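Each of the next two complexes has chain A plus one more chain, namely chain B in the first and chain C in the second.
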Partner chain A sequence: MNKINREKISELVFNCIKKYQEEYEQIIDIAEGEQTRLFGGNGQLDSLGLVSLVVSIEEEIETELGIAIVLADEKAMSRRTSPFSRIGNLIDYIDELVSS
Partner chain B sequence: MNQIILITGSRKGIGRQLAEHFIALGKNVIGCSRSESDLRNELYTHFCLDVTDEVAVKKMFSQIRQKYGHIDILINNAGIASMNHFLLTPLITVEKLFITNFNGTFLCSREASKIMQKKRYGRIINFSSVAVALNLEGEAIYASSKSAVEQLSRVMSKELGGLGITVNCVAPTPIDTDLIKAVPKNKIDELISYQSIKRMGLIDDVINVVDFFINEKSSFISGQTIYLGGIIS
Partner chain C sequence: MTIADKFFQLIVEHSSKTAVIHDEKIYTYDELNEKVIFYREILLNKDISKGQIVFIISDYSFESIALFLALSINRNIVVPITTENLTEIEDRLSEAKPDWIFNLRDGDILNIKDNVSIERHNLITRIQNENASGLILFSSGSTGKPKAMVHNLDVLYNTFLQKKPRILNFLVFLMFDHIGGLNTLFNCLACGSTITIPENRRPDHICYLIDKYKINILPSSPTFLNLMLIGKSFEKYDLSSLKMITYGTETMPESLLLKLKEQLPNVKFIQTFGTSETGIAKTTSKSSESTLMKIEDPDQEYKIVEGELWLRSKTQILGYINHSNDSFTSDGWFKTGDLVEEFDGGYLRIIGRSKEVINVGGEKVLPTEIESIILELQEIEDCKAKGLTNAITGQMVVVDIVVKQGYDLQSIKSIVRNHCKLKLDPYKVPAKINIVDALAFSDRFKKIRL
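Up next is the complex of A and B:
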C-alpha cells in the first residue's frame, strides 16, 4: 500500500514540477530523476521558486488524495537533511506525512 | 475578473462595515467569524470558524481556491482587546490576545498568500492600533500583540514582494465598536487628547485607508503602517 502511495506521490511531484516550469517559464533539469537538487546547495530553485512549487504540491495532494498537508512544517525545518534539497527527499517526506 | 475579498471578523464592527462597503461596490466578499452572520447578500459568503484554528482556516482557503480559483485581497480584521495593568494580567489573557491577534493574522496571511502568489497579485491589510505608537499604559499586552502584527507585516512585505503581494497595516484610533465598549470614557478622552486631530475615529476613516492600500495604483506601497488621527509613531 505504502509503495503504491509513494509512486502516486512521485507522479504528483513530477507533474507539479512540469506545471511549475510551464507556468513560470523556468527550466528545472530533472535528468537526475529523484536525485535532482531542488533547493539549497546547488539547488535549481530560489526561495520564491520553492514557495511556488511547495504550494502547488500541497494543492495537488489535497485535490488528488483529499489530504490537507503543510509541507513546510516544524518537522521539515528541523531535519538534518532538508526535504526540499532533492526531489527524492521531498517525495519521501510527503509519503511520510500522508501515511501518518 | 471580479475581485475576491476576504475579511476576517466580519460579523460586526469594522469588519461588517467593510464587508457592506465592498458589497456595495459589487465585489465578491467572503467573511468569517466564530459565529453566524446575519448579513445576507448574493455577493457575500460567510464561514463560521476561529481564525486561530489551523485546520479550519486551511479548509476555508481550500474551499475558496476550489470555488473561485483566486483571492485578491485579505483584510485581517479579526481581533480582541483587553486592558489591564501589566502586574495584574493573567497569562491566559496574554495567550488569548496573541493567539487571536497575531496567530490569526499569520495563519490567514500564509494561506491567502499561497493562493495569491499563483496570480502574482495580492493585497494584505492587517490591523494594528494607535496603542502601539502611544505605548499606552494598561495596554501592554494588546499593544504588544499589535506591535507583533506590524513587525510581521514588515517582514512579510519583503518576503512576498517578489510574489506581487503587498502587505500593509492600518492602525485605527478608538472607534465606537464593541472592541472598546469596556474602556472607560476618561481613558478614551485621554487617548483622543494624544491625537493631532482630536475626535473619535470613524469606520469611514478606516475604510478610506483600506481603499487606498487596495487601490490598483498602490502597487508600490508595502510594509507601511498608517496611524489614524494624526498619531505620529
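Up next is the complex of A and C:
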C-alpha cells in the first residue's frame, strides 16, 4: 500500500477550503498558509462553517484515499491543541488518523 | 343488546348495496350479513365464548371483515394481525396470549388450550366484566417492542351509530390492524358505503382500481402520494371519480401538497389526524392547498403543552398490557409526541415528531421543514432529513436525496445546498448530503426515520 504523505493531505485540505469559499461565498484569508487560524480564538470560521468544512474534508478523504475517518468527535475536541485551531494542526491530525 | 349488536343492525339495513370489492369480486351487504352468520355458527360450534381473546391472522378481505364483526358480536377481544413476518406474529402471540387463532391464510382455527386458564391482565378482565367486545392493536414498534393497546371496541363502534347513509366508494389503504384502517372500515360500514380492497399497494394498481371501480375517496399517506406522483400513475388512468384524498400518519410537506393539487385540481385534500391510543379525530383542513387543520370533534379534547399536542378522547385505549402508561397523564391526557404550531382561528399545523427534532448547537430543526424545501426542486424525487452527531455543534443536518432520472449527479449537491441557503436559516442548511437510490418506508407507507 502506498503511504499517504502529508503533502497529499495538505493539498486536499487546501482544496476543500477553496471549495468551501466558493460554496459558502465566504473568504478565508490563507496568506499565513498552515498558520491560518480556522476556529476558536481569531478563527475565521464559526461552528456551522467548521462543521461544513470538516464534512467536506471527510468526504474528500473517503473518495480520494478510500479511508473513512471521523474528524469531529470527542477525541478531537478533548485535545490540548485543537485540531481545528489552525490549518496546519488539522493536517497533522488527519495525517495521524489516516496513518493509524 | 350490546353496542356491537346495534352497529351490526345498522350494517344489515344496507342490504343490497355494495359492501366490499375485493379480488375483482363484488359483495353486497346481504352477502356480508350471511358471511357473518356463517362465522357466528363456527364460533358456536367451536364453543368460542365471550371474553376470549381471538387472533385474526389475515389481510384485509371480505372474510376477515365478516369474522371481525362476528367476533365483536360474540363479545370477544379481537386481535387483527396482518404481518407476514413470522417473528412478528410470534411476538404478538406471546404478548396477547390468545385463546383462539383464526389463520385465514391457511384456513386453520386453533385453540391455544394453555392460554385458556391463565390469569388475564386487569384491562382484559375489565372488558370481560363490562360484557363488551374488545380490540388489541399493536404499535408498529419502530422503537423497541411493539406496545399492545387495549380498546373497548363497543366504545369505538358507538361513535359510528349516528352516521347518515352515504353511497361512496372508499379504497382501504391502511391495514386491518391499524386504527386508521379500522376507522375507514367502520365508517364505510355504518354509512353503507363501499370498501374496495387492493391486492397490493403499488401506485399503478391503486390507480387502476380507482379507474375501474370509480373510487371516490382515497385515504393515504404523504409517502405513498409521492410514490404515485413519481411514477406518474395519475396520468395513466382516468381518476375523474376521485373526490377526496385524505392524508395522515406523518407530516405532509407543503411543497408536496401543492404538487399534488396541481396534478389533481378537482380533488379535495383533507388531513386526517389520530393516534392508535386516542382514535381518529374529526378534522377539517383550511383548504386543499393548506396543511393547516382544525380538530373539531365532540369526543376529543386537545391542548398544546410546550409545543406538543396532547389529546384526551372518549375513544382512547384503556391502557397497554405490556407497557407502562407513562405517555398518559394521571388525568387522562395522552402526550402524542407530535409537535404543532398554532394559528389564528384555532388552526393547527403538525410540524413533526418530538423525537425527530435535530439539535444544531442548541437550535431546533424539524426534518420536514428541510424536506419540504428540498422537494421544491424539480431534480429531486424524494428526500429525508435526519440528525447526525458531531462534537462541534452536537448534531448536524444530514439529508438523503433521491435524484430523478436524467439529472446530473455531479452538480446536484451544490444545487440542493444553494437552494437551502436561499430558503433556510444557516443552521438548517444540510451539512452533509447523501445521494441514495431509494428511501426506506414502512409497510404503512411512512418514512422510516430512526
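List of remarks:
FYI, the second predicted complex is superposed on the first by the 96 of 100 C-alpha atoms of A that agree within 3 Å, B and C clash if a C-alpha of one lies under 4 Å from a C-alpha of the other, contacts with A are read in each partner's own complex, and residues count from 1 in each chain.
Note that a contact is a pair of C-beta atoms (placed from the backbone, for glycine too) under 8 Å apart; a residue touches a chain by one contact, two chains touch by 3 or more.
Computed from a predicted model, the values in this text were never measured in an experiment.
More residues of chain A lie in contact with C than with the other chain of the pair chain B and chain C.
Contacts of A:27 after superposition on the shared chain: neither chain B nor chain C is touched.
In the overlay built on the shared chain, the residue A:77 is in contact with chain C alone; chain B does not reach it.
By the document's definition of touching, of the two partners only chain B reaches A:62; chain C does not.
Once the two complexes are laid over each other on the shared chain, residue contacts for A:52 go to chain B and to chain C alike.
Across the superposed pair, chain B and chain C both touch chain A at residues 23, 48, 51-52, 55, 59. By the touch rule above, chain A contacts chain C in their complex via residues 23-24, 47-48, 50-52, 54-55, 59, 72-74, 76-77, 84. On the side of chain A, the complex with chain B involves touching residues 23, 48, 51-52, 55-56, 58-59, 62, 68, 70. Within the complex, the chain B residues that touch chain A are 54-55, 58-59, 62, 65, 114, 117-118, 162-163.
Only residues 360-361, 390-393, 396, 414, 417, 421, 426-427, 429, 431-432 of chain C touch chain A when the two sit together in their complex.
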